[in-house]
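Next up: some structures, all given as structure tokens.
There are two complexes below, and they share subunit A, which is joined by subunit B in the first and by subunit C in the second.
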Partner chain A sequence: MKTANIVVVIAVILIASTIYYLNNKKPVTHLVEFTAPFVFGRFIIPPNNPLTMESVLLGKRLFYDPLLSSNNQVSCATCHKQSLAFTDGLKTSVGVSGIPLAFNSMSLVNLMWGPRHFFWNGRSSSLEDQALQPIQHADEMGRNIDELIVDLKNNDTYINLFMLAFGEISAQSIAKALANFQRTLISSNSRYDQYLRGEITLSSQEENGRKLFMAHPDTKVTLRGGNCIDCHSQFLTSGFSTVFDGFSNNGLDNDQTLKAGLFSLTKNEAHRGLFKAPTLRNIAVTSPYMHDGRFATLEDVLAHYNGGIKRSKTLSPLIIEADNIPKTQNDHISLNLNDNEITAIIAFLHTLTDEEFLANSAFSNPFIAENNND
Partner chain B sequence: MNRVLLIGLAIMLFNGCSEATKSSSTSTIAKTEVTSEQMSIENSVVNIEETQAIVLLSGLPTLGTADSIAIIEIDPESNNFGNILYDYPLPKLDAPMHHMYYSPNGRLYATGLGSQCSLAEIGLVRNAKAEPKINKFECLNTNGQNVGEDIMWHSVNGELYMFVTFMGGSDLTQLDAGSVGVFNAQTNEVIKIIEARKSQVAEGQPFIMFPHGISAYGDRMVVTSAVHPTIATEVGNTVTIIDLNTFEPIETIVTEDSKPVGFPSSPVEVLFVRPSIVEGVEPAILVNTMFGFETWKIPYNEQTKTFSTPEKLYDGATAGTGVPLEFYGNEDELFISHGVPGIVKRYDLKQLPNLVSSGEDIKAESGAHHMIFYKTASGRKLIAVQNNLLNLGDAKDNDPTDIDFIAKLNHHSLTVHDLATGERLGEINFKEKYKKGIDNIEALFGSGFTHHH
Partner chain C sequence: MTKSTTLTVIFGVLIVTTLTTVWLRALPQNLTLRFHPYVGDKPLVLYDQSYKNPGGNGDFSIRDFQLFISNIVLDYSSSSIKEPESYHLVRFDDNTAFDKIIIPEIKIQNLRQLSFAIGIDKKANGTLVISGDLDPNSRMAWNWQVGYKFLLLEGMLTVQEEQLPLVYHIGFNESYTELNFDVSNEKISNNGVIDFKIDLLRLFQINSSHLNELTNQQSSEVIKYIDMSELSHVKFSPDDVRIIAKGFHDFISIL
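So, the complex of A and B:
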């Protein structure tokens, strides 16, 4: 009798342990492998969200799935189309509400580098934090996360993918998966990259544009410059990553019409009107430009810096100071580039287009591939 | 191959810093540059591994080790201090790789002291864990030029070139075949080889002997004539000015007035002090003479494009130092390493081209040579000094490539000091820890882009 009791107790413990183990078993995952240009600099992947193949696969599916929107018609990819370097070609994006949003769709590329604050006004400090915001935004995707989780739990494909990646379906794992897919969106094979690796030589016009891009003008030593480098770093062409160095007021508005920008995050008046300096990778396919999409072409953008700057209290001093002719009128802010120089800078900007990135199947809509297979 | 050279060096060093003797008149030379692009590289990369360095390591034959390129942790506050984080084995070569340089576009190059690989490009990438890895070590075609020393990128009439000094030139059997290779900075192809053998040019015409140090300002470049790589008796005492409009030597200047160890002065590294280094400075060339133990200044008149009579600024023979080697600079100071007794002297950058001390010597170890500047994780500013002249082994180890006297200048160490006080905070002895010698150090990425040597 006594022995029988012991056996029963042991059996119960074994069964309970097995159930506990199965419920808490960590999925076996595999880290993504890639190499990136050393000159992009170091990057940090959150320790609590390792960059696994399983999470990226899941994230890609979520990214392209309109299930994530309240009307099941809008996916992340609606506003972030691969062929447009994950922008949408609109002045400002339009989501489930049909009401134009306040901002132009930002390109999703090389997100592991550059400013560590996301969105034009920097309101999010991580890709994980950023990921759920558009989903829940009433005008963007308008989705209730709890309801989304219910729907995902009723989908066998997602049940499997979530189990493999995270072992559970939750808001947190949705965010992690989307963040990790976006981390893999690395563009490093444009003509500029090939030039940096010594594989090709730029045309003389492109090279002239590159030099202008990289130079802050200095009339004392007759150094002509486009002043781009002051906000867009040499290799990534994004804003700088130290604290808020990647944000700038580039003279789009005067004090009367200045938008909040970074101020909405920091509540610091010195940050009013400062917006994130975006990457210029693939810039030739991401029109229109600026945080509100006000400029339709690169020529418009250059024209802005070449005489269209509006003064305001937080206007970048680097923009005020940059001029290719000695300052004669304090009120006139212009780079004073000539037409050939403007054309050269635009030619250089076209070397930032990475055709391989824009067509890479690793980043493409998985539903299309599935349908084709069907 | 470098053995004979070292023998000569050894003889001199054994003699110590004897009192200076008066000799013929003199002259000088220099080098280095920070372009706006290089500065922007530094600014553009946050999260740089500031406390990691990339080093060239030499296998020491009797210790069973092989040459490699390694990435090491050099933050004395770190538990990993002195640890090799990554090691990339180099192919077996006839001589060690010697200097590393980043190009303005962030490409990494190394010169080599032999004939098999006197110039190489090193491919650096980052893996998915953000770890730096080397994916390429490609020896470049130098069109027969041997014993690479220094590299400088410089724009001439809007075109960027890579200039490399080859102490051995195209023929190591010749007494004076040293050359300056002009390379396409994008394709690495040789565009021109600048040669002017003393034995072949007319009397009084400019010549180049064993180019080592290199520096440039505008359309004027200066290279030194140091020592023949294989023929111990052949030692230079001049610097040569090259007109970059024509790539032709136009003037040779003697920088020597004494022979403290009985050899010609052997100008080694040069620095063309110019406005991009010190705003408003009157340009001049600074020259370190390896066997003269001196630092010279050659004033340059930018308007007339003429160089004045060299002026000796520092005399190691009387100051108790020898074998001055490298020039390095940061935002505030110029640093000069002296292999004997193993110190780094520091000077106020704003006072250049004159040498006005800005603080106490940094006491490194014998063979004080290359250096980098960086910050610890806590923000403390440091300097790391590589203490090693050339890795030819050590006779005590029965190393057939060793020469005793060189061992005196091969401490095989990296010493880390507080930049402000010079206090030594740590030391890594590569021979003791890894059975290897250390040939060169460069910041992994970022801080190394400030003044190169």
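So, the complex of A and C:
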């Protein structure tokens, strides 16, 4: 009897430990190998979400799947189209409700670098946190996350992909997969990149535009500048990554019409009207521009900085001060660039278009590829 | 308890405390350099607080203030420690009272002198090396042909309701300024903290108290300041940069 009891106890322990092991077994995954220019600098991948091939494969499928929306018609890719550098060409995006959203769709590129806060107003501090917000937003994808998980658990393809990547289907693993797919969206083969690598030379007009882009004007030393560098870093062309340095009030509105911007996150009055400086990578294909898509063309954008600036309490002193002619009065804020300089800056901005990125099959819709194979 | 017993207890506690302090200081511990921003004798409060233009009319407020502290060296009586990758961006956000640099696990006992520089040395300033807080894609980078801003100070001067932007982006190799501090034990707290004051007004000083310290003369000269409205932006003009960077010598002091 005593021996039988011991055998039963051992059997129970073995069964329990086997169940525990199977439930907690981590899938065998493989890290993504990628390259990026060293001038992009340090990047951050969260320790709890390693960049694995399995999670990226899953994330890509989720990104393109309208199953993630309440009416099964809207996917992440609806507002983030690869050919438009993952923007949608609209003034502000439109989701399941049909009601135009408050913001213009942001380009998804080189997201491992640049500001650590996402969305135009910085309301999300990680790609993982960001990923679930549009899915659950009533006007964007309007999906109940628990119902989505039930649907995913009824889909053999997803069961397999989630098991391989994370060993489970959960809101957390959905977020991790989407974040990791977005991390792989690296654009580093534009003409500007080729120029930086010494492979090509820019035309004289593009080179003039590059110099203007990189300079804050200083009339005391006759340095002419487009002042772009004060908000857009020299290599990434995004906003800066440290604290909230990547956010700025660039004079779109006066105090009466100023939107909350970063203030909605920090509740700091000094941040009212500050919005994220977006990457300018592929900027020629991501019109319209600004957080509310108010400018249709790059010419409109340059015209804004060349005389359209509106004063407000939090307007950047750098924008007020930047002028290519000695200031005689402070009422009218303008860079005072001439037409040739404006054209040159726009020519340089076109060198940031990365055709390879815009057509890279690694980032494209997997459902189309599957249908073609059928 | 008799009087002599009481004295013995007090004496004993004092000895134990002293020995413990000496013992703790002999152990490796973190050395924390805390930098407190000031405008004259007033703590700097960003955005909301106004300060008098030291050399002219009007009041100014500061929106952003950042600077590079680099190449920290700790000197002992017979040795010295040079911090590796010693490039620290000291910045003040959301009205935090101070920013700090922590040098981990060093011997604080017998520390004689502390040295560091304001700015980036010529070698690092002329390359795209990513070391410490150096980041060529940061707000402190101009572009790869110019190097880094050593100090960024931005704000607004209001004179009779007219607003004048203040932009001081101070860089260039010539502005790199090394500072030395005598740090005998009483200047370091028991938990290994040295408090520094960064006084913005020193940047706008016309006559330097540093010269008086060098000559060890007590000066009765009244300190004169630059009118900020006359020098509201300094970026690439070497003469203007020199005027502001001269203040780096007196910019930081031990509190």
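By our rule, the second predicted complex is superposed on the first by the 361 of 374 C-alpha atoms of A that agree within 3 Å, B and C clash if a C-alpha of one lies under 4 Å from a C-alpha of the other, contacts with A are read in each partner's own complex, and residues count from 1 in each chain.
The criterion applied here is as follows: a residue touches a chain if its C-beta (ideal position, glycine included) is under 8 Å from a C-beta of that chain, and two chains touch if they have at least 3 such contacts.
Since the structure is predicted, the reported quantities are computational estimates derived from the model, not experimental observations.
S.K.: Which term applies to subunit B and subunit C once both are placed on subunit A by superposition, clash or fit?
M.R.: clash
S.K.: Using the superposition on chain A described above, determine whether A:Phe244 touches subunit B (first), subunit C (second), both, or neither.
M.R.: second
S.K.: Pick one for A:Asn48: touches subunit B only (first), subunit C only (second), both, or neither.
M.R.: After superposition on chain A, A:Asn48 lies in contact with neither partner.
S.K.: Now for A:Phe34: first (subunit B), second (subunit C), both, or neither, which partner does it touch?
M.R.: Touch status of A:Phe34: first partner only.
S.K.: Does subunit B (first) or subunit C (second) touch A:Met214, or do both, or does neither?
M.R.: A:Met214: touches subunit B and subunit C.
S.K.: Answer with first, second, both or neither: which of subunit B and subunit C does A:Glu321 touch in the superposed model?
M.R.: A:Glu321 contacts subunit C only, not subunit B.
S.K.: Quick one: is A:Ile229 in contact with subunit B, with subunit C, with both, or with neither? Answer first, second, both or neither.
M.R.: Both partners, subunit B and subunit C.
S.K.: Have a look at where A:Gly198 lands relative to subunit B and subunit C in the superposition and call it first, second, both or neither.
M.R.: In the superposition, A:Gly198 contacts subunit B only.
S.K.: What is the contact status of A:Glu269 with respect to subunit B (first) and subunit C (second): first, second, both, or neither?
M.R.: Only subunit C is touched by A:Glu269; subunit B is not.
S.K.: Now that the structures are stacked on chain A, which of 3-11, 111-119, 201-209 or 219-227 shows subunit C clashing with subunit B?
M.R.: Of the stretches 3-11, 111-119, 201-209 or 219-227 of subunit C, only 111-119 runs into subunit B after superposition.
S.K.: Identify the residues of subunit A that lie in both the subunit B contact region and the subunit C contact region.
M.R.: The answer is residues 38-42, 214-216, 223, 229, 233-236, 240-242 of subunit A.
S.K.: Okay, in this complex, where on subunit B does subunit A touch?
M.R.: Interface residues on the subunit B side: 36-37, 40-41, 43-49, 105-107, 121, 124-130, 132-133, 135, 186-188, 445.
S.K.: Any idea which subunit A residues touch subunit B in the complex?
M.R.: Checking each residue of subunit A against subunit B gives 31-45, 51, 195-198, 201, 214-216, 223, 229, 233-236, 240-242.
S.K.: Residue numbers of subunit C touching subunit A in their complex, please.
M.R.: 46-48, 63, 89, 91, 93-94, 128, 130, 135-139, 141-145, 154-156, 162-167, 169, 232-233, 235-238, 240
S.K.: Write out the stretch or stretches of subunit A touching subunit C in their complex.
M.R.: Touching subunit C: residues 38-42, 113-114, 214-216, 218, 220-221, 223, 229, 233-236, 238, 240-245, 266, 268-270, 316-318, 320-321, 330 of subunit A.
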